[in-house]
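We just call them A, B, C, D and E in the order they show up, numbering each chain from 1.
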């Protein structure tokens, strides 16, 4: 797959932290158009932090974020969304007091003037029938897994160019996990670039073109999904016995 | 064996939606009892009913033969029941250790005057509690965060912190709501050992979890919920082979995988 | 994680309190030497009393996370209560002050029970309502309270010796003015307030209170009877206010319904936020600053309000966590 | 007997409509940020006093009113730009204290530049009052009621029907997630402050013929508006109107039928009673928090 | 000291600013004037002023500051009764002559050694109003008053004095000084049987609202206000609604309409001209309280020949026949205010202006 050419997303020397504690120690990550890249690492490795950096929620102390040739460092989170960088954040983060439908519509906020938003909504309901059933309910009253589906649906409403997924399968029933990975594969086929953080590392690496292994703020390994899956140290650390 | 926890004809309705309906089951002392089911099946609602956060629309819950009807959530810890949450409930304004110490609340003196004057007995007890809670954090595998502020901890560690807090209350029965969410396989394996050890201490565990590998490998009994009702109940082997469960929840691929795991 | 290196449990200790208390004691002892005249003492006395109230209010607001916009009512209840006990029932001032505190505790308990189940701004609203009602009662019951014109309060007396701010007294061979004696009382009050508050915060009870702020549900499943604990801290902070109010009445010799006003309640909560929520020393500094600013601004006449508002905004914008916590953070950051 | 009742009702409705208008301003900012803007009353003051000052300077009333309202809108935006936005990541209580500082600041400025006297604005209509069944209804009350109705409908539609309205609500619920939707949270907040200041100023202008206006008129009206908003349920614009009317009627009936001495206490007793049974006010949405 | 230090605390801002503002302006105006014509006892006067914003506890703080830090020689100030009474205990203890500019009777009754005041008391105002009512043959009246210090005290004295004039108060209503509507209360009064006249006892903007409501309701009974609204700004605020109402006030408001033979004619017109030319706004009777206070202080200083506090106090107490704007002062050990009810004139609003009622 695309391994050469200009990357869609290019991270160089990313450093950031919380207060005095540095969480990322100068990372380089490059993701090419159409690629699906998995990021694995233990709790606290800094995976979520990295995604926040890309979305512009976490300020940098050093390094650059380049997207489609444009330096994003000065761009606010909202501007990045308008450029097509969409994230499904960790812990769902649905708007608890708004209805399910409003949540989905807000997903399309960046392109609210498009004509096809209503159609997209209908398509989303087809994909997650439960959301249609619950569309008038406050999102906060959904079950954990339903919220996770909503978060995913909300992000898809934005028609991402680069989709950042922070543990999209968390709290989902096995059948739905299959569904989610199915969606990822589908999006991949549509040519959408995907950067996914997954604890379900074997599944993620299996569908990914490439993977990065993050350990306490440093990238310690990278390679094709297959290589990493067969890497012994990766196995021991993330894939379990 | 007698039932430690007994749920009888329990029902909960939210404006026409039956989140839990006519549900009965029993959990025996010292066992690991898992509850699985599709998203929105009513598992968390069931926990909320048992722990008094919701009032049931019908039915009853008994703990050790004692009805829990009308109990406030805070009255359950003294009765020996503790839980963790699917959507974390962590006090972000406190340190990790203090969160765990909160769990020991019911074992410590809380008198206004004792506290105002900070009598030596209180100070000693508090120090002892501090050390015990630090040990508990090691036990559940988030020892490196003892000195951290809770707000500075990653998600996975917070999940474990909640387990430590629940254990701090030295409960007889522990309700875990998706403890493995956000853990990778290796970390889940470690969690399995923790749960095993908890059970070995004689603590009854009720586990809600979507990680089938974990559920199937440690449960004594599995209950399957679907649309608020009981779909099946039995040993892991029975459940894995149940075609209804495969249809509604596991899916073919998974059941095959788990069967060979 | 799974193969966590076996290590002996780390030594975990509570943070020591004595350094902070020592600094406070030294400051309180040194201040009199810096006082140029009686007016400076007057200010320090008022600051100390107000800081005492704020330390108590901070237990409720900063630690337990329950906002009260009506705390001036308890302050006023303490002041009026003890003044009336002295003038109407001929009880001597010190027992009157304690009786008033007991009365306020009962009052806080009674009103707190129904309102403390409210959350967030609704709780603020309810406490505000109680404060306003208290102010209206004081205003309207002029037979008893003197109404809007205020009430003269008998001076503090111990074993029949009256303590006048303009008098002078012999103590251990030293001649001490009444104002200085009053400073001693106010400083002592503040110091004890802080000791008690620190003890409380650093106890299981205090932990339960902070948990109310963090996650009420977490506290509940840990067995904390949240309603009871809220009520308890509400009563404790009301008693702090009551005692300070009584002392203020004895010291000033004159009280008006203004001390029960909404403005006064706002001033108290502002002190807490300004100094730093959940920072006992912070709120003392908050009281110092909020009461000192107007003193420096009196020279600006017309512009006083403009400047006061601007300063208040600026402090909160640049130190959103309040003075002490923000400074502490900055200090830590710069330290290697 | 009936005429008396009507009179109390008219008086209560007028007061109530005034409170309701103030409460609407609170609602908007609350919905965007969960902040209670204690400077809301000052926007009323700017509206009323601004009109007076401009008229004194010779500007005809038709221009003076929109100018004063615009001035207040600018003040609202500046308040956000200079005081609220820089305090990013501050928690809600801190922001509330900032608005208290702002209210003192604005009042101080008005006092220095516009003086301390009370002023009256002329009625909007030529006829001052209408006799209805022996009771007097001020025509200005009709103006207030009408404008309140228009504003509440507009705000209601804004929140329920427009993407911007939803975005505003989303911002207060979860700022980070809102920016992940491409919502410019800063701009949204600024807009909320601007519109709320405009609503406040409009209220200030239309109530001035009844309440009179001065540099410190905002303190009391702001407080009553906050109370009305809380009774109605913070965040609900219909609730704000209901709360305002209830507060106004309670005051008028108490003054009329019970005791004028405790007239101001009774509404608070009613409020406490309402909150006792409806902890989120009349129409406030229940906090959605699941575990 | 090389100056005579005159301390003052006034409500220059806040709800009572219509009192404090002209008072401060008057003090500044005349202290300048006195200093430019050589001062008193060969020394310049120095004004040390604080704004209590109408808050009694602030007033107390500032009184304290004047006494203990600024160590003033005497104090002229206290716009409101609340502010004055909050400061009195301290001033009494410190022993500094104090001339208050506030109304209530309690300030000088019982007599307090160091405390004097220039405005007539509210009791005298009440008497003067009741006197006028009696002359017009009213026996049953309705009373409406604010719950602030001034209104509450006015209400009390009116209720106490009414029987002495054979007048019965059949309706008694109150409102909050910050209220924006009083129609409910006025309706109750109107609907009370036999009310022949209505008195509104208060100051500030409250009476303007009451007056407007009175007119809006079309109430026909004659309407009285107290001396608390005796200023042109009241007329502006109340507008047409004020037409025909009566109130007791000093002659300042009708200074130009007085006969030249009036003993106060010169004083009144001089003050009016001085003030209006300097500040380009109309005089109010409240500023006049400060004028009188300052003149009394100067007289007492000169009489005492020193700034010795006890001597100045004695001199104040012995002032007899000082013609001020408010009236002619005759102090005595029994009377630290020195005016009688007759110093009030009854004014009536005619064609939007003040006129002497016949």
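In this text, a contact is a pair of C-beta atoms (placed from the backbone, for glycine too) under 8 Å apart; a residue touches a chain by one contact, two chains touch by 3 or more.
As the structure is a prediction and not an experimental result, all values here were calculated from the model.
Path length between chain A and chain D in the touching-chain graph (shortest route): 1. Taking the definition of touch as given, a chain qualifies here only if it contacts chain A and chain C alike; those chains are B, D.
Rounded to whole angstrom units, the spacing between the C-alpha centres of chain C and chain D is 32.
Chain C has its Cα centroid 41 Å from the Cα centroid of chain B. Spacing of chain A relative to chain E, judged by their CA centroids, is 74 angstrom. Each chain gets one centre point, the mean of its Cα atoms, and the points for chain C and chain E are 38 Å apart. Each of residues 12-13, 147 in chain E touches at least two other chains.
Among all residues of chain A, those that touch two or more other chains are 19, 42-43, 141-142.
Looking at chain C, residues 1, 140, 217, 304-305 sit in touch with two or more other chains.
Interface residues of chain C facing chain B in the complex, by the touch rule stated above, are 1-2, 4, 7, 9-10, 12-14, 65, 196, 199-200, 202-208, 210-211, 213-215, 217-226, 232, 236, 278. On chain A, the positions that touch chain D within their shared complex are 55-57, 76-78, 81-82, 86-87, 89, 93-98, 102, 105-107, 109-110, 112, 138-142, 154, 158.
Residues 18-19, 21, 40, 42-45, 48, 90-91, 130, 141-146, 148-149, 167, 170-178, 199-202, 236-241 of chain A are the ones touching chain B in the complex.
Contact residues of chain D toward chain E in the complex are 4, 7-8, 10-12, 14-15, 18, 111, 116-120, 128-129, 131, 136, 138, 207, 210-212, 214, 216, 219-221, 251-253, 255-256, 260-261, 263-264. Interface residues of chain D, counted against chain A in their complex, comprise 163, 166-167, 169-170, 173-174, 176-186, 285, 287-290.
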